[in-house]
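Data block below; observations after.
Which chain is which? They are A, B, C and D, in the order written, and residues in each are numbered from 1.
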Amino acid sequence: MKNILDIENVTMQFGGVVAVNNLSLTVNEGEIVSLIGPNGAGKTTVFNAVTGVYEPTNGRISFYGEKILENYPHGKMKKLYAGENRGMYTERMVKTPDRITKLGIARTFQNIRLFKSMTVMENVLLAMHVRRTSNYFTATFCLNAKEEAANRAKAEELLKAVGLYENRDDLATSLPYGKQRHLEIARALATQPTLLLLDEPAAGMNPQETEELTAFIRHIRDTFHMTIFLIEHHMNLVMDISDRIYVIDFGKLICSGTPDVVQADKRVIDAYLGVSEVD
Amino acid sequence: MKKNNTSKSRLSLYCNLGALLLAFILVLVIDATHNPTDMLVKVLQKVCVYAVVAVSMNLLNGFTGLFSLGQAGFMLLGAYTCAIFIIPDEVRGQVYGYIEGGSIVHVRLPLIVAILLGGLVAALFAFLIGLPVLKLKSDYLAIATLGFAEIVRTIVTWEKLGPVTNGSFPLSKLNTFRKALEGTPFEKFSLVTPYFLIAGICIAVIVLIIRSTYGRAFKAIRDDEIAAEAMGINLAHHKRLSFVTSSFFAGIGGALFAIFQASVSAAPFTSAMTYEILLIVVIGGIGSITGSVLGSFLFIASSEWWLRGLDSGKFLGISSPVFRNGFRLVVFSVIIMIFVLFFRKGIMGTKEFDVVKIGGFFKKLFTETVPGWLKKIKHKEAADQ
Amino acid sequence: MDYLLPGISAGGQYALIAIGYTLVYGILRLINFAHGDVFMVAGLMMVYATTYMPLYVSIPLVLILTAVLGFGIERAAYKPLRSSPRMSVMISAIGVSYLLQNLALYITGGLAKVYPTIKFLSETITIFGSTTRRVTVITPILVLVLVVALVLVIRYTKIGMAMRAVSKDFTTSQLMGIRINTVISATFVIGSFLAAVGSVLYFSNYPSVVPTSGAMPGLRAFVAAVVGGIGSIPGAVVGAFIVGICESLIKGIPEISIFSDAFTFLLLIVILCVKPTGIFGEKNIDKV
Amino acid sequence: MKKVIALILAALFCVSCFALTACNGDKDGDVIKIGVFEPASGSNGAGGKQETLGIQYANSVCPTIELNGKTYKVELEIVDNQSDDSKGVTAAADLVNKGVSVVLGSYGSSVSIAASPTFEDAGLAAIGVTCTNEQVTAGNSHYFRVCFLDPFQGKALANLAWDMGVKKAFTLAETGNAYDLGLAQSFKTAFEALGGTVVANNFPSGTADFSSYVATAKSEGAGVLFAPTSLTYAQLIVQTAAAQGVEFPLMAGDTWDSNVILEAAKGTSLNINVTTFYQEGANKEFDEGFKAWINGSEINKTNNGGNDIISAVSAMGYDAYFVALEAIKKAGSADRAAIKAALPGVEYTGVTGLIKFNATGDADRTVAYVKKVNTTTGLWDFVKEQGVN
């Protein structure tokens, strides 16, 4: 199995607060990998670091074996840095989120971020903008009609796949909550990624919806040959779907492995339930 | 379902094009029947100028969500660039009379080329100033662009630039469409028509941009920058595109403004001018192209024409001592405040003017609403019985 | 010294206006474009007030009326838009500015009004070998006194604490039971009051009031607020003095004197690009 | 709701297109209209109002005109061009559409220049009252002017300064203001030709603090401060100069000839000299009549700045009105083209002297009046007539 995403010793520090501490993990091709942990453990921060929204304070992230992000404590952080591995990395390589998306990493957001003035269809078409072959001039004067038509066809297909075809001309924000989540995923898929990051896709869903979502995520993996890295609180979903699980608490990796291994780990239980005072 | 949809949109397209054609014919008729100094002609010319600028500002503020207040500065750049190259040779020396050594520009360009050049220069400056400024967040961007416009206005009047810009003295005796078309078969149609055509083309191009995949990207940036970036949209690149495009058309608007006046000086291009344009955009509806056009017409026509009576003591046949100098502007600003506070979405909101929809509105009025009323009345009668 | 003194004096006057900008921005995240015009209206009111009553009545009256005006503008033009996007509120501010200017134009009939002479302020004195008016010297002192008073108010009174809380986190402080509208009104009242004080000092120096008198000082004061770090009161004061002194110094060099305003804006753009939060501003991280 | 509004607007548009023809029709046979194209607001508002007052007074003195044995009433159509070029264009069109036969104005050259093509298109003759920039009349046949030009005035002022024994002059003008810079430039050229040196300085529009500029003039050792600015700034400059105890004289052109300056300078020790078109006292009948007229109406008095001192622009406006009447008489009708053709031949001796147009359409003037502020009485003292040789 090929290693796609490689996070090495990443530390994220905001001011004096270390949100992610020396985290290393890998995601392999075709896998569904989950990142779990109690609230405030730093899960979304990891996603933000991978997608370039935040600059890691220290550490390196590689995609398909190629370094995409690297940083070391410098400037103000030089003094403030409270993490480990100081001096391990010496280069600074920063990419904006759009370039990372172009490389093939797409994401959804924990708090849904659809384009509210656009229809469902436009939301998906917009995501295809990143793969355009037209330029400003040709696009303006409709010289890219073929591409536009192809994109439309592709978008329709995608919407059919996520069950939103009937709603394609509705405003994105007029959709019910669950469908908005689906649209977020469809939009992420439209950027033609190889790695899909899902940030709490089942948040706010009832058990039945969650079950449907589980099937849906599998379906995506199989039909689009996607690698999926997700954050989730619904343990049923996580245990059901994941090939491997990483657990973090207070920004530190405390355990990793298959669902069975993780479920049995005492540190994980402690992290979620709190350490009993008797011990 | 799908087929129906596209045929419907096609119908709407044709109808709207038809309406546009009708407007064009109306303009031709106006040109043929009016004097060059009729108020209607002057107002329509100015409306065309302002429409281009308002739409360009809407592209930036309404569709890309970048709150920029530099429009007057870019207009000024366009106006000056255009004006410098359309001064007839025989009066050039006279126009630059106060400058030692006279003008150093000895080229004279056809109007269209000069207008385009005006747009290009504005776009170039937009590119340069955009590099640092576009990184700023909303209101900081507004104030930085406002500052830029003020800087440009000062630099143009700098006496060291006198041989180019004529310093603080107006560039006058500019070539106009009327002079340029004199003696050609189009002579009769040289009043509003050229303004209408150029404005029409500019606005059409902006509409095409907005409808293209780039337009979608602009809207995405307006809706949610972070999500847009996560979907692979290069924020810096697209913001710059929008900014430069908007400035290009503002520059063209400025060039038209110069031709409209047949003279330019830096003084009118103040932040007050930008505010005026912004208010036009707001009245028309932020995010609606036709709204901006309609807004320009209403703004110019009422402030410079219909409400003029408020200043001179007699309005709609009523005389009152309240109607004295300045009252027009007070009434006008109150109207604007009403719009800002109570009709926040402007006349059009984010919708576009659509002949079919208006037809549909009437149809609905007569096929549904009126029968509905009748039905209600009937029901009531039935109930009464 | 001939250039420094007017610079300091202008700086002090900008400072008083800039505080109004900074306070409002700190709480509402709104550039109150109408603030400069409030300043102008204060000047005009003074002109009309002194024709009917003596100075010792009209000065306090104008200060109070201006504060009421600020309060009224907030209630009428900004409060209804509290839940709409920031851009709408800013447009509303521009609309108010447009309205105030046109109203002033209507009332004055487009003529420049001569500001009443306040004997005490405009007497000529000599300091460090250069002649100037007393107002030049009084301005920085008065500014310091007012700023210290304001800082004390903000630090130790209940309303001051509420203001600080609101500027830190609007929604949370609302949840904590702070009466948000009272706080916002207080901000506008304080800002307008200081602008009125500034207008008395300013127009004692440059005694003609026209409808556009407020625009440029307003913009300069805003630049000052940004340079100092918007939201910070000491920042606004320091920024104002920087702007005032730079402007005055540049005016002293004939070759570039026309660029004094351009320089102010250049300073703005440079500061925004290098350190958008200004000298004393705090950095915020957007949450995703 | 929105749609209804949009519909109404569309309807309004259509109506407006045809409304105009209806408006035009009310041309009364017994009335001749003279357009007054002056600023009543904006930076030149004060001056424009005083100029308008002169014209209005002239109209009240002579409200009728006799043509071919028939008496016509002369009506003034006054529009406000807001001292703004682009608003001036539509204001000019407004005049044209009101059917005026000839136009007077404007105070401020750049507005006149912007409106000039509109008048030309309408076949209207325009008579500039106090716009002194060369470009107004140069190269066209429809714009005339009754006042002297910048180069003349600049030269007169330079001679005046030189005669006072000044060797170094400091000029101060507003950037972006063609009047200021034009006059400053003319002064500079003339003064340097005489052998003097000139330090030129400009200030940006909206400046309210002139202390640095006055201080610079002092430190440069200037013998005179020449500041041909508009009134708004003039007032500030005078006050600043007074505050700094300036000893050298201040000089300026016709814009400073206003009671605003008198008020500002009263009680100071300043020496302020201006050249101007008219000197109060030169024509008693006019002076008394005008004062009585001003004092007769509260509005007029307010527009004159709250007192009854006659500024030169009012006198010029008064003369311009009569020049226009002469032209109408000569043309024998209210026809625009006939008036335009008649204007070059008009010769009229008004309260400001003989007005006779040369080939470019400018009145030939040979002298400017020099006045000085009497700081104790707060009135103008006549100094002399200054020629250019």
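Everything below uses one rule, namely that a contact is a pair of C-beta atoms (placed from the backbone, for glycine too) under 8 Å apart; a residue touches a chain by one contact, two chains touch by 3 or more.
Everything numeric in this text was worked out from a predicted model, so none of it was measured.
Nearest to the common centre of all protein CA atoms is the CA centroid of chain B. Looking at which two chains touch through the most C-beta pairs, you get B-D.
When you average the Cα atoms of each chain and compare centres, the chain farthest from subunit A turns out to be D.
Centre-to-centre separation of subunit A and subunit C, using mean CA positions: 47 Å. Rounded to a whole number, the gap between the C-alpha centres of subunit A and subunit B is 43 angstrom.
Centroids of subunit C and subunit D (each the mean of its C-alpha atoms) stand 36 Å apart. For the pair subunit B and subunit D, the distance between mean C-alpha positions equals 34 Å.
Touching two or more other chains at once are residues 53, 109 of subunit A. Each of the following residues of subunit C touches two or more other chains: 105, 109-110, 215, 258-259, 261-262, 288. The set of subunit D residues that touch two or more partner chains comprises 40-41, 175, 200, 202, 204. Interface residues of subunit D, counted against subunit B in their complex, comprise 2-3, 5-7, 9, 13, 16-17, 20, 40-41, 78-80, 84-87, 89-94, 96-97, 110, 113-114, 116-118, 121-122, 133-135, 138-139, 174-178, 180-182, 185, 200, 202, 204-205. In the complex of the two chains, the subunit B residues touching subunit D come out as 26, 30, 34-43, 46, 91, 94-95, 97-98, 153-154, 157-159, 167-170, 172-173, 176, 178, 257, 260-268, 294, 297-298, 301, 304-306, 308, 311-312, 325-326, 345, 347-349, 351, 353, 357-358, 361. Across the complex, subunit B meets subunit A through its residues 5, 205, 208-209, 212-214, 216-217, 219-220, 222-224, 226-236, 241, 287, 350.
Residues of subunit C that touch subunit D in their complex: 2-3, 5-6, 10, 105, 109-112, 114, 122, 124, 130-133, 202, 205-208, 210, 212-213, 215-217, 248-249, 251-252, 254, 257-262. Residue ranges of subunit B in contact with subunit C, taken from their complex: 61, 67, 132-133, 135-140, 142-144, 146-148, 150-151, 154-155, 157-158, 226, 271-272, 275, 278-279, 282, 286, 324-327, 329-330, 332-334, 336-337, 340-341, 344.
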